[in-house]
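Residue numbering begins at 1 within each chain, and the chains themselves are lettered A, B, C, D and E in the order written.
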Amino acid sequence: GNSEEAAAKQEETNSVQLVLDWTPNTNHTGIYVAQAEGFFKEQGLDVEIMLPGEAGADQLVASQKADFGISAQETLTEARIQDIPVVSIGAIIQHNTSGFASPKDKNITSPADYEGKTYGGWGAPVEEAVLSSLMQKENADVSEVEIVNMGNTDFFTAVERDIDFAWIYYGWTGVEAELRGQELNMQYLTDYSEKLDYYTPVLTTSESMINENPETVQAFMAAVSKGYEYAIEKPEQAAEILIEAVPDLDPELVKASQEWLSPKYKEDADQWGVQNEQVWSNYAEWMYNHDLLEEKLNAEEAFTNEFLPE
Amino acid sequence: MNKLVVDQLTKSFDSSIILQNVSFSIQDGEFVSILGPSGSGKSTLFHLIGGLYRPDSGEIYINGERTTGEKGRISYMPQSPSLLPWRTILENVVLSSEIIEQPNKSEALNMIQQAGLEGYEHAYPAQLSGGMKQRASFIRSLLSPQSLICLDEPFSALDEFTRMDMQEWLLSIWTEHRRSILFVTHNIEEAIFLSDRVIVLSDRPAKVQREFTIPFARPRHSSLMLTREFLKWKKEIFEELKVLV
Amino acid sequence: MNKLVVDQLTKSFDSSIILQNVSFSIQDGEFVSILGPSGSGKSTLFHLIGGLYRPDSGEIYINGERTTGEKGRISYMPQSPSLLPWRTILENVVLSSEIIEQPNKSEALNMIQQAGLEGYEHAYPAQLSGGMKQRASFIRSLLSPQSLICLDEPFSALDEFTRMDMQEWLLSIWTEHRRSILFVTHNIEEAIFLSDRVIVLSDRPAKVQREFTIPFARPRHSSLMLTREFLKWKKEIFEELKVLV
Amino acid sequence: MTQRFIRGWRPVAVLLLFILLWELCSRWFDIPEWLLPPPSLILETGISSWADYAPHLFSTIRLTFLGFMIGACFGLLLAVLLHLLPSVREALYPLLILSQNIPIIVLAPLLVIWFGFGALPKLIIIVLVCFFPIAIAAMDGLRQTNPEWMHYMKMSGATKGQIFRKLEWPNALPSIFSGVKISAAYSVMGAVISEWLGANKGIGVYMTLASSSFRTDRVFVAIFLIMGLSLLFFLLINLLEKRMTSWQRKGGGVHE
Amino acid sequence: MTQRFIRGWRPVAVLLLFILLWELCSRWFDIPEWLLPPPSLILETGISSWADYAPHLFSTIRLTFLGFMIGACFGLLLAVLLHLLPSVREALYPLLILSQNIPIIVLAPLLVIWFGFGALPKLIIIVLVCFFPIAIAAMDGLRQTNPEWMHYMKMSGATKGQIFRKLEWPNALPSIFSGVKISAAYSVMGAVISEWLGANKGIGVYMTLASSSFRTDRVFVAIFLIMGLSLLFFLLINLLEKRMTSWQRKGGGVHE
């Protein structure tokens, strides 16, 4: 019993894998800081950071090919409905920083202006539901919006052509627009609906990890918290660390994005990473009401704060 | 008038000379045979006349025009049948006329019958025996509208009787349509029996060794081959060739 | 002992009967020629003996064993040279022995020289004349270690002198190594000059029309062909064939 | 006839065996459905959601068919052109290789900017995928003509066009079909990839959506549709090949 | 020799012309750099960031080479096997087609889950991309043997193995090379796609990173690397082909 446990622990503390949700960006700064500043090592962890490619972080985490992953509340909600055993263990950013953006010259200043315009998305039903939620507040009709699937086309390319507005994360694409001198109008989801203020992105792990290796999760979150605290306090140094770790990113963009994002990690919360059950159930309910979920989510099981440091 | 004039042709492959200053001519309506050792350059000579490649030096005139290196001036029967495997026999034999004009299918069918290939009009070359393929190739050359026909060992794969049939048939066509024929063969009797003139090529490098004008009157009958005069000619040409090998 | 026994062979293609109850045999060390009209089924007979396909009925025995449909029992020279274009002449001629044993290159080189192809050992088939390809194919069949050799019109593309050289060479090899030879030709003189026996096949469907046992003593000299006896044989066989066509 | 029937069923049998094995593995090893759903579930979903994906399916079929046709024609035309103009061939050949190495990720924004989100950019992608194997195989086939036949044609005075039509083209047909088969195998996948450029309909869209909402069973329905489609396509081309090269089975044929 | 030199430069000239045109268009039409950077900028970036992408480049080269080799061998082996066992061929042929229609998006998670993040799943993807054109072309080439030669070999008692080695294989070489060329053209792209499976190094990763931080110039550097690599690869194979089918240029050859 005892020696087995020790051996197991030995193995786990040696190496864990983390899959990102996308390519490295300022959402991930805390992790790279923890890596570079040795916070993981302090906790006895050797963390390997993987890009997910086409393989999707949630499945990799659920099938324990990776111990930790990055996901988002809306994705994780759908995953849990399909019985995929992933759990959110920390909110990386407290509030949803996404919204609908358009170049200034399109003159779209409120959801009411979406009528008669062309929206570029990726064809998911959730988009129409969100648009509709926003527009209802302004008594506008979503059926007046032309929704076009723009596939993998990036925002800047899309708005050059047939698209008037698209859904972006301000912290990356919006900041890039600033750098380009492209002025944007932006309607944040959070400004129009509390229910849409969900956590994106979040850190995840699998249920079996929580059951079998809670100490590792604890240690991991301790290091990551420290990393994000650092990023909150020293945005410039944190940006440098990310640039150092991933030199192929555009340094200008990283610096600007980091400056914008650092205050948003914790925002009004008591502690970085805390999640509120209300947020989880609100959004799931909203999805269910919009026919985006087949069942109701058991919000309590979807996340946990228990691994955040004291 | 000269149908064909071959003037001082020289041709070599990879530095070895094959033809050296070969000159001869064919009158309009004349039947000329070429004899020569295997590998001496008879087929190469045909390739040059047909314009497949250019001689190193020398010229070729057809109907008085200089046609050195020009293609499409002769009707040609190659040494190997070269039938296209995806065409039926009928489609194959009309190929030569197809290239130049609208093919005449009924004439083709008639010729196929004459050559003893009836029933094989719609067979593919792979279904024919060696001699049958050769006859198909022969018909193909006859169906070409060109007035100079170059035949490269057309009857080598035929038994004596089929060969004699074909020879007679060739002569009848030749007389009827007054075409000029250049004929390569290894069979001395055949050369004498068919030709107005026999040209003997020497071995590599090939030169015109000697020309024989065959005096027999036409039409000739196969019994001619048993005459003493015929045997005398045969012997003379035989001796001429003998020194070459 | 019988080297080869062909027993009541029948073969048809697409419902037309080609061979019908063909029977004959070859003694050990015997030289037998087959004569027959073009398209009568001589090559098909070879294909059956070689096991390329099975007869519709009848059996084939080689060295007393039933080998109907079995391949690899004979040395074979096909009617068309069938040289592999990516092999040099030397590589091509050793192919038949390569299949069965370690090829003997020096013997091959020697034979290439004998056939008048020296200088072409490392040439590719496309660089050879028709008759030269045929000689290469002939050498290939001689280099096979098999004791029964089936030659399908081996000298059809050769001039008379090269042909005579080859005939004599073939006879010398045959006498020296006591192999049995089955020989298809259209040349009646050649058949008589070379053979112990001549088999005449009738036209489609082919049957054994007649067998001639040639009585001339060996070694035979080419002057034999001028004797009255020889001419008598020639005439007899000629007449036999004549009725067929 | 019955023999042909039996031969046709052999691959089907292998497929069925494979599917059976998969089903059994799913059950024995208790593979979670979100990772690899068992064939029975896929079938069930396939039947029950027919109405959902039918429009997607038809849209993809249309796109594939059109794209493949254009691609095949373009590939053939290019091959013919480059074959008839050897100097142009040498100059352009490397560009053909390069054309297969433009990542979609780069091409996509350019196509969108130039041609918008309509059918055109998608067709361009399918054409880009399909033309290449055909062009290469056709060029190789056109080059490999028996020199004896070529000599005959030339000496008979056949023009370049006649040599092409009567000799080189029929001679290259088997090679061309080899290329067409490879292209056909790629065409459906090409269409699916092209739908990532932005489409509102199509199996690619259906699959992406299914995948993003973790409906692995639907993802697999989409895959089966893609596979079925390309298999069907391939069989059609095989049939055409058999018809157009029927002479190969006569005489020269396979004796055994 | 000089003639060969001149012929070799023709495609290079076309490429240079193309690049020049692009540069001029960039300037004239004032195309924004983030959409389509001018070649001069790409060159500049390519030179200045050599140190950044060199490790990525070498990683991809290794992966491509290994994957292509395995894929080519596998394709050839499969073709030979299926050729020698006609009944197996009929059963498996449709599966080959299906193998080309498994979308990466589906295969990726499965491969990673089964084989982790190592080189193996990536190699599997490259092999999957590369084996197919070779297998199809080789099978087609192996089937198309001159029946006269085949008859000769059979009657001479050649075993199946001898017929294969001495006749079918050399006869199929031009077809096989046609397939190998198509595969080679795909192999680098296959490697790049395989890197999307989750890799930390490679041109594919470099490109994705550059693209996600909107560094279009770097994306194009990556593309040029991919293209250059595949072109190089293609040329090597062309050279090999010329060597192995040198007999084609002797005698039977092209007169004109």
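Quick notes on this one:
Definition applied: a residue touches a chain if its C-beta (ideal position, glycine included) is under 8 Å from a C-beta of that chain, and two chains touch if they have at least 3 such contacts.
No experiment lies behind these values; they were computed from the predicted model shown.
Steps from subunit A to subunit C, taking the shortest chain of touch contacts, total 2.
On a Cα centroid basis, the chain most remote from subunit B in this structure is A.
Here the chain pair with the top count of touching C-beta pairs is D-E. A separation of 17 Å divides the Cα centre of subunit D from that of subunit E. Subunit B and subunit C have Cα centroids separated by 27 Å. The distance from the centre of subunit B to the centre of subunit D, each centre being the mean of the chain's C-alpha atoms, comes to 50 Å.
Chain centres here are Cα averages; for subunit A and subunit D they lie 39 Å apart.
Taken residue by residue, subunit B touches two or more other chains at 52, 80, 126-128, whereas all remaining positions touch fewer. Within subunit E, contacts with two or more other chains are made by residues 35, 105, 109, 113, 147, 151, 208, 211, 252-253. Annotation for subunit A: residues 56, 59, 63, 154, 157, 160 touch two or more other chains. For subunit C in complex with subunit E, the residues that touch the partner chain are 46-47, 50-52, 71-76, 78, 80, 82, 84-87, 95-96, 98-100, 123-128, 144. Within the complex formed with subunit D, the residues of subunit E that make contact are 7, 10-11, 13-15, 18, 35-36, 87, 90-98, 100-103, 105-106, 109-110, 113, 132-133, 136-137, 140, 144, 147, 151, 174-175, 177-178, 181-182, 185-186, 188-189, 192, 207-208, 211, 219-220, 223, 226-227, 230-231, 234, 252-253. Interface residues of subunit D facing subunit B in the complex, by the touch rule stated above, are 146, 148-149, 151-159, 162, 166-167, 170-171, 173, 245, 247-248, 250-253. Listed in rising order, the residues of subunit B touching subunit C in the complex are 13-14, 35-39, 41-44, 79-80, 116, 127-132, 135, 152-153, 156-163, 165, 186-188, 238, 241-242, 244-245. Put simply, subunit A touches subunit E in their complex at residues 17, 19, 22-25, 49-56, 59-60, 63, 65, 154, 156-157, 160, 176, 180, 246-250, 253-254.
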